[in-house]
Structures are given as C-alpha cells and as structure tokens.
C-alpha cells in the first residue's frame, strides 16, 4: 500500500542555516546607500528599536532617532502604566529568575494611564526626532487619536500574530482600512510571516509590515503554542508579497524583519532575505542607555494566563553608538552593526538595500557548529 | 557503475522539526470548539491520560474526567496487582536509579488479582465520569467481559505495536472483529504508526486508534530494537488512513497521538498533524495528583527479558488543573495546555479541531537549537 | 552565470538517522528464524565477533562458538605475536591515555611467531566450534596454508579498504581467485562500502563480504584520511551488489555489517538495511570474558606512521551470555542483543533475516536528540 | 494562495558534511604522485603555509620550502611593521583574552617599513627556496615592484573577498591585467568562493586562485557580516570555473583551498572537492617552529573598526616535519598530513591529485556526532 500525503509542508530556514555569497564585483563600504523610507519619512539607517520595555523609553527613543534610526515606544508597556517607570524597571532587573514571571504579570496588570501617552510622545518629539508608538490591535482605535494629537508621526499596531481579519465575540475586530482613514499617521502592522497574510495586510492600505512570529531569543511562542516560522523564510515570503502587491497596486510597502537577529551577521542576512529594515530587541537591550538594566523580555511574557518567553540576561556591552557604529574591539558581531551592513553590501557589490535583497545566498550549516568544531578536534 | 537502490525510504518528522504557520484570518481563542468524540461519548477537552502507572490511578481518573478529559486505567499495572498500590509506587519513587529496573521487573512479575479489576472500575464510576480501561492484546478477550460487567465505558487494547493480524505459537492471535462483537464497549486499539497498519485496524470495526511507536521520552524502543517513527509523520500517515477509511466506509474513526509530546507546542503540532486527540504521559505525571510521586516510566520498562525505557524524574510542577487550564507563571509550555491549544487555534483561524488539522506547517529547525543560539553567541 | 556541477554526491545515512517501521502484521519473537549461513556452515545467531585483540582470543572464540556465533581470531594481533598475550593485554589496559598509542605501536611492531598460528587454531578447534581466522591481504597467501593445515574452517582477509585489484611496487597484489583456488576454506573479504567494489569482490568467487569503512566507534578513519561511508548506506549498497551478483551468477554471497553498531537498535537496523549478519567489536569488548579488560581499540590504531582510532574505555557490563541473550536489567540496548533482534523481527512480521532485510525504514532524527529533549524543555 | 519564490538558494556543504568513498581499485600510498605546479614552479607537496603572522615568518618560510611546500610571507603583517617582530609576537601570546583584540588593533596600526620588505625576501631566498609574498589589493601595485626587485618568486594578492572589479571613491580599483603585465612574478589572487567570481579572476590572466570566504576556525566573517560559503561547495564551484576556463583558454589555473581545514581528513576532502593545493593556517600554527607561540589569529582580526575572528589557543603539538610527514602517535589527524593524503589517494586508487579530484564523495553526517554517539549510549 502506498501512503497518501496528508498534507504538504515546505522546508523553512532560519538565520543559522543560510549564508550570503560574495558578489562578482565589490564596492567600498562607504559607497553603499542604506537609507530606509516609510511614506514621506527617510531614515539614514534601516534599523528600528523594538517596542519593548527593556529597549525603548523616551530618552532611548530620542537618542536612537538622532543616530538615524526609528525607535518605537510601547503604549501598552510600563511607560504608559507608571508615572515613574524607572523604579519598576529596576525592580524587574533585581527580581530572581523564579519570581520574575509572576512579577511581570503583576506589573503589567496595572491599568494604562492615558495622560501618560501624550506626555511620553511630546517628550520624545522635543528632541526633534520622528516619533513612533505602538499598541495592540484591540486598543488601536482608542489610542490612535490620542497619539496623533500628541504629535506622534508613525503608528504601529502589533501583536504576536495580526491579520487583516479577526473574529471575536467580545469586541468587533479591528478594520485596518477604517483605522487608516481615521488617522494621518502612516500605520505599520505586524507581525505576520506568510505570503498571503502579508499581502492581505498590504491591501488594507497600511504603510509597513513587521515580519516575524516565533523567531526571537526572548520568545517561546513555538514551545508554548507550536507556532512560528524561521525568519529567513518568513522574510522571503513577505518580500514576495511586497513585490506582488507592488505589481498589483504600484505601491511599495516596506517590510521590517522583527526578531531573531542576534548579531551583525543575522542582520545582514535579513536584508539579503528581502527586508527593507530590521527591528532589533535583544541587541539594543545591551546598550548602556537601554532601560532594561542588562535584561530583556518580550511583550507576550507577562500574559496573564499563558505567559510566553523568558527574561534574558543580555548584559551591558557598550554605548548605543558603539553598537550601531563602533569603534569596537568585540569580534562577535554584537557591535558596529551599521559597519557590518555596509561591509556586507560592499562584498556583495550592492549599492543599496534593494540590490542587497537580490544577493545570492546558500543554505549552509550553522556557524555555531563550525565554531565549535575546532575545539572538538582537539585533545 | 551506477548503484541500484536497495530500498526506498521517506524522511519522517518529529515535533522538534516542524512549526505551525499562522493563518490568514485569526480568531479569539474562546471561540474555538475543542470537543473530542468517541462513538457516543463527547469530551470537552481532546486529551487522554495515559494508561501508565505513574499517571493514572482511580483518583486521578476521577479528577481528570471531571475536568473534561478521559483517563485510562491500566489493568496490567500495579493497580490490578496490589491491594495497596500506593506503597508500591512510593517504593518505586524511593529506589535508586541503578536498582529501579530490577525493582520494576520484580513488581510487575506479581500476578494480577482479577477482583481488583472490578473494584477499580466501580470506584472510578462512582465519580460519575466516563471510565476507560486498558490491557495488552493477549489478555483482552479475558478481561473485556469483567470490565464491561463492572461498568467500564471504553476498552483500550494497547501494546508497543498492535496489528490487525498477529501470529503466535503459544496463543491464538486476538481477532478484533470477534472482540468487538463480544462487547458493548467501544474499543480503542494501539499503537500503530503507518497508513496501512492503521487502515487495517480500522477495518476491524474498532472505534479509535492510538498512534505512536518509539517517540516518547520514557521510551527507548528505537535504541533497543531500532523501531520507531517520529510522531508528526506517524500522525499524518494515520490521519491519511482515517480519511481513506471514512471515504470507503462512511465511518469517522478518530486517531489519538500517543507519546512524544513534552509541552503545549508539541500538543498543538499533534493536532496540526491530523490528530483528533492526544494521550499524555510525562506532562501529566508532573501533576501533584499523579500517582508517580514526580517520576514517570513506560509500560515496556519492566519487561522481564528485554526492558526498555527509563524511569524519568519529571518533578511535580503544579496541580492537574493548572497543567490543563492554568493560571500559570511558567513559560515553558508545561502548563495551561488547553490555553495553548485554544491560542493555536486562534492564530490559525481554526474554529474546531478538524480545521486545525488542516493548518499549514513548515519544516523548521528545532526550537532547542534556536533557544540556545543566544547563549552561544555571547562571550 | 549558472554554476556547472563539478561532481555529484548522494546523501548517505548512518544508524542514528534511520528507524524501522513496524509491519502490518506481527509475529511472536520466538517464531523468527535468525540462522546465518556461510557456504556449508550454519550459525544459530547471525553475529560474528570482530578480529580485534580486545574482543577475540582463543577462550572467547570457544565460548562465542558454543553460543551459536562465529568469532574471528586475528593472525596479525597479539595472539600471534606473543606466547603470553595476557600480559601484553593487561599492560595495554594499565597504560595511561597519553601513552597508549606509542605502546600499541611498539607492541604491534614485534614479529609474528608462525608457530603460534597453528597453536591458537588447534586450541580453538578443541572446543568443537567452527574456527575463523583473519589476516591482512599482504600476508594472506602466506598464512592461508598454515591456517588450513591447523584446521581453520573459514579464512578472513581484512584491511581498512580491500578491493579486487590492488597496485603496489613492493609486492604483487593479492589475487583473490588464486587464493580461493589454493585453499579449501571459504574466504570472507573486507572491508568495502560501495556497490561496484563489493560486486567486483564477489566476482572473484569469495564467500562473504565485510561491509564498513569508517563507521566505528574505535575508528577515526574519516578524521585522518576523510574516507568513510555511513553504515546504513554502505550496507544497502552492498546488499544491492549481493542481489545483482546473485542474478548474474546464481550464487548468494552474504554480506556482514562490520562496525558502527553501538546497541541492539543499531544491530536491528543493520539487518533492515540488508545485512545477512553483523560483526561486533565494542559491544562484545564489554563482556566479562573479553580479553580487553574493559578497553577496546581498532586494528589500524597501532599503524606505525599513521595511527588511527583511539583506545576506548567501554567498561565491563556483564557476561557474554547476558550480552547476547539476557536476562538483563539494562535498558540501553547493550544487552540481550538476540532478544532485540527477535523482537524487531516480531514487530516487523518477518519470519527470517531475508524478510527483515525488506522491512520498511524511514529517515528520522537521531534518538540522542530526542532523548535529550525532555531535559531541554525542563527548567 | 501559493507562495511565489522570492529567491532560489542552493545547499552548500562543509567538510563536516561529506566523506570520501573508497575506490574500486586501490594503490600503495607511495605510488601516488602529489606534485603541485604554479606556472614553472613545482612543489613536491601541494601545501601552502598561510600568509598569517602566527604561521609564517622568514625562518618558517625557509624550513617549509625545504620540506617541499610554499609558505607565503605577509607584507602587511608584523614582519613588515617591526624590526623585531619576535617581541611583538611574544606580547600577543602573553595578552589576556579580553585585551588581545585591542592590542592587535594597536599592533597593526603601526606603519609598514618598506625597507623591511626587501630584507625579509632576501633573507628567505638565502635558503634557496621559492619565495612567495602577499599583500592586500590596495597596496599591490605599490609593493609588487619592490618584491620583484628583492627577488620574490610569486606574488599573492589577498583580502577577505577579492573580485576582478572593485569600485571605490578613495582609490582606483586594482586592475589585475595591469598588475600582471607590470611584473614577471606569477600572481595568485584570493579569496573567492563562487564559479562566476573565480572565472572572472582567471580571465584577468593570473596564475592561481585562493578559495575560501568564511570557513576558517580563526574567522567569524559569517557571524559579523553574514557572508561565507562552506568550503566543500566553494572548492567545487571554483574547480568547475577552472575547468570552464581551461576549455575556453587552454590554460590550467590551479585553485588552492584556503581555510577551514582542521585535520588530515579535511585536507583530503579539499582535494576530493577539486583543489590542486591547500593553504593551511591553524594546523601549521601548532608547529614548534611557528612564530605564533601556540596561538593563531586571522588577518581580519585587527581591523580597526570591524574586527573579525578570535585569537585561538592552538597549542604546540610537534615539529613542522612531524605535522607534515610524521612519525606520530597522535590519532586525531593533526600530524602526518602528507601520509594522510597519500593514504587517501591509495584507498581511492588515485595516481595523482587530478585523479583524486574525481574521487566519489557522499554527503554524510558529521564525524563529531558519530564520535560522541558512543558516549551518549553509555550510562
């Protein structure tokens, strides 16, 4: 008896499993243009700082903006729940491992203070930088007008998985077309990982898509609900959606790889997979200026009944400027991310991000295995 | 010279190697229907407790039934061999690692006391729950009438590998058609892993099939006899058999994934692979109410001449209710299994288990590798 | 520019990567016939003991023969170089790790005492068992008449890689046709791993082929010279050669899987890959009766200028009878190998080794990964 | 919706993933011819010593040449920056791990003393050996005349990735046709990894190509910029380019596998992948005569703003002669590399390197996994 196939499945790839092939011509790194655009906004580095409490607070957002990137302030996090979030963040950092999930569940059960939303935005804008804020789909319609009024420039609607159509008994699902018409801010939505889901989101008229479900270091989505797509395949599929959507609509909607990048090499691979920008969490939480005090945790960690993720000790390795631009004496790819990206464009002969998206890649065994092999062959 | 192919073999997949892709629409978790049916019995959660001595005794079966699932009492285990099984179970828990296999061989060489069979069943039924009992094929014809008389509702015939046709010198192989005609109880049979073996079992008229050979944590079948099929492929092949059988007979015989699931993520993947229900061992042995005192061992472990498996220290992590429904502060997927399942259905936009069986999956590198990568890239 | 393919390569598989699928019918293990035949000799278990000094000496060969298998005495080892090999073996066992290779190089540089060849053979034959001896190709023509005269039954010609045609300046390559015509003993030759090399060997008229280059635990051939084929593929390819040769000649030449088997599971997989018998080293070196005192080393270890392999501490785990037939309280597949094999035939419904060779197999992730996953998901 | 493919990628293979299959005929190792030619120069062993400061200084180059190989002196390293490089090398060896990158950055920021270039070359030539020197593309035009005048025989132009065409604002890219016409020395260029890039380099008229980007033990190119190709695939693709170029031009340009080889097995696999020679770093840094004092680091390690790689403690395991020719008592493939290569040619029946390039290979699980399996199955 031959066995009928119950369902098909494709092989998906993560950063550890691919590598970039150098080009046939090369370019000096300083010749590469790495600009990133969302609607009328242009950023000199294609990097966003994650809407996570260990990464972005007001002062971090101001500094990050001045350095050329875009940090996203989370309107559902401690910044909007506490007048004095520093104390809470310090308490989280001091908490022992076996108590931290309970503490986070308690911390995030405090109500949001709506007055703080405006305050945080204004205080970011005072630095003269572009201000982005994020919230979950359920609160998007409620917070968007407040954010716009306070001067926010870009509005991010983000949850573990967000689709163009959501069914719920308790509230009417968010209609992105309506949200978009009701606000002047460009909307970035996420996260999604598949071609069809990404294409449907783009068709609602939004201005950017965050890509990534279950790939991140502070995320155990796959362990808890079995859901997740390795990031290289997720980015490639959503890049295909972006290209399809551009063909059908003439509009270019950038995709932002969010999660799973642990060093400069992963960041470069995200672009080679088709990303227009990346959103970073763990790596930026290592900055001296990050509010997490050397710790990092995901926004699904404090879930009241189904917590996911862990608080990770990432350490504090240098200033934000060093992490982004060097100089550095670390050789593990955790610093001078922009230098890494420019160098990768150089060896691929790519004059800009769009050309980098077309660089050749190979499926290759993980660097971690190779890194260890030397030791293994030693006595 | 070209090399002729001696035999073909397919790639088989385990839970570690696949991941579920979110759907194009999403659903609030509380909208999902997760009912499970065997003939006229309906269960509000699609979870069975394994017929293993570290998992199911009478009080556990009563509690598990009240919480909506179906626990299976093993008629070949300590519950049917000892008037006071608690003492035996405590002795097993106290035994040092290097003596436990001998002890188990001794414990399980004691004869079964047939009077205990009725007692255990009646005592389970007193709680008003559906009562399932299991035995090996060789004793099935002998025990079935006793079990039915005592009020058992469902009869499980289980061994490492059970087929519709078995040849033996010492006894006439069990004919499932005969067994089925001789008893009013629906019969669940297992374990099997292949399309053809599962289809043959269904054709005997039984009411459910247990799927899984060699995938479990407390099982070393593959190390000892080289036999076993990774569980995702086994479930998918048997789901194909279920569909074929339904097309040929009109009858829908559910398949139950048994073994190899270590957390909520694996459980969700079992359904996405085509399962109608899951049977859990190790995870439930962690409940405060489990009879194993924080230990777990398989039923092929005490084999007199070819023992397989190991006693595993699983620990005691919470109440059964927490393990099934939360609330929890653990983030490793070991608690709130029903919450995990509902959330997975939600992000896949599946309104019931049948839709979840059709969710898209990808082949993806193991979560364990990804989980470790962060550390590996740190100094 | 598209890249032309410089060379093709096939994927090869090892024991860790495959698993046996249970059959659609099953059989009681005691119904299975596991006889193994070489020409007119029949053995009741299809297991050979390796021609390695840590495994086979005269008393081990006598015992192994009485238990139904065939042990091979190495005419190039310490048994033929020393009047009192026990002392040498004890010295090897006492040697520290960092001195043992030098010691072995010294031990094996002592000349062979030809008178010992006859003595060892006669002393084995006194027990009434079938006696097999082995030597390297370069000494085969010289030793064969002595071995035959002393009463040896089976003559094994073995080196890391042996082919039907060998070019050398220093001596005329061994012609197997000539050797075969010059001696009444059936000749077993090895090792080889490919279809074509195996077929060419069979065409010389020899009576059995040893299969395996670079798969074994005490062997580092792959690390030192990059050469080796994972054992499942090697056995399958040579099984295809056996079948081709039978079609062209009518003669059935058995193949014996030699090396790489670490437990009962691997042994069962060797048969499911097409083997007629297995030759075991490390597992048998664990017997109380083995001459290696709990250590094991390969015959290419003492090479004067390019030593390969390591001395492995395998420990002493039980009597030879326990290792072959149980009873046992170990659950790691290291004891009751014959029970493992019979059980595997049973769950595959195979009445003999020839049917077992046709059992279905799948490519499956290594058991070692699965075995560890439980721990990995625990706190 | 079916998902369009955003980009294609091929599977690439590293040394750990392949193994060589023995041939159908065999050959005594001493029959094999392993000569290597670059233009009019012939070397009796196909091994180059890397242009790395921990490997090659003048006295090492003299010794290596006398033993039959070709060492490359780096004109951008400490030998050309310091009158007394030994002191600097000793300081690097003494530096703690967490300070060594900064120290290297400082050491390599000292200017090159052009007078030392001639001195080092003359002093190498005095030993009567063939002298090769290397520099980065940016200094190639400047240093080539000095090197030629001082008597250098072969000129190597090397950087992480070198292509036939390079765009830069700050200097006019090196034109290899011009360089070749301006100097009598044969030019070897590297590194490259793809068919098209290698073919373009050969078309410039150069005399040898170094193959390898990101495969080496002292290199973290993949971690920092995501770029790299596993070495087996890189060598195979460049071997295809060599063959294409020979068909179009009649000229045979040898390719030299550079990086990633950790033992004799890897070295043999490089030739079986299509290499004409290998360039070794880490293995040779283990020689008593190597200037690195038991340490090794790559030339991209000291990069001022984007350092890559790590200083590795390789230890000192024997004399250079032992590493190349034995005798040895190590069994890990780190000594008697030439013996390994000859033995591999022998078991493949290859009379020279060109036949070895055509040896059959299989894709096989890593030796490291197999090496560990024995332990894993033990208690």
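Brief remarks follow.
Chains: A, B, C and D, in written order; residue numbering restarts at 1 for each.
Assume a contact is a pair of C-beta atoms (placed from the backbone, for glycine too) under 8 Å apart; a residue touches a chain by one contact, two chains touch by 3 or more.
Everything numeric here is computed off the predicted structure, so don't read it as measured data.
In summary, the pair subunit A and subunit B forms a contact in which the copies contribute largely different residue numbers, shared numbers making up under half of all those used. The angle needed to superpose subunit C on subunit D by their Cα atoms is 90 degrees, rounded to the nearest 5. Subunit A and subunit B have CA centres that are 39 Å apart.
Each chain gets a centre from the mean of its Cα atoms; for subunit A and subunit C, those two points are 55 Å apart.
Counting partners per residue, subunit D has 1, 10, 24, 194, 196, 223, 263, 330, 332-333, 371, 377 as the residues that reach two or more other chains.
Within the complex formed with subunit D, the subunit C residues making contact are 1, 3-7, 9-14, 16-17, 101-102, 105, 160-170, 192-194, 196-197, 200, 213-215, 217, 220, 222-230, 233, 260, 262-263, 282, 301, 304-310, 312, 314-315, 330, 332-334, 366, 368, 371.
Put simply, subunit B touches subunit A in their complex at residues 10, 15, 18-28, 30-31, 194-196, 199, 236-237, 239-240, 243-244, 263-269, 272-274, 326-333, 336, 339-340, 343-344, 347-349, 358, 360-365, 367, 369-371, 373-374, 376-379.
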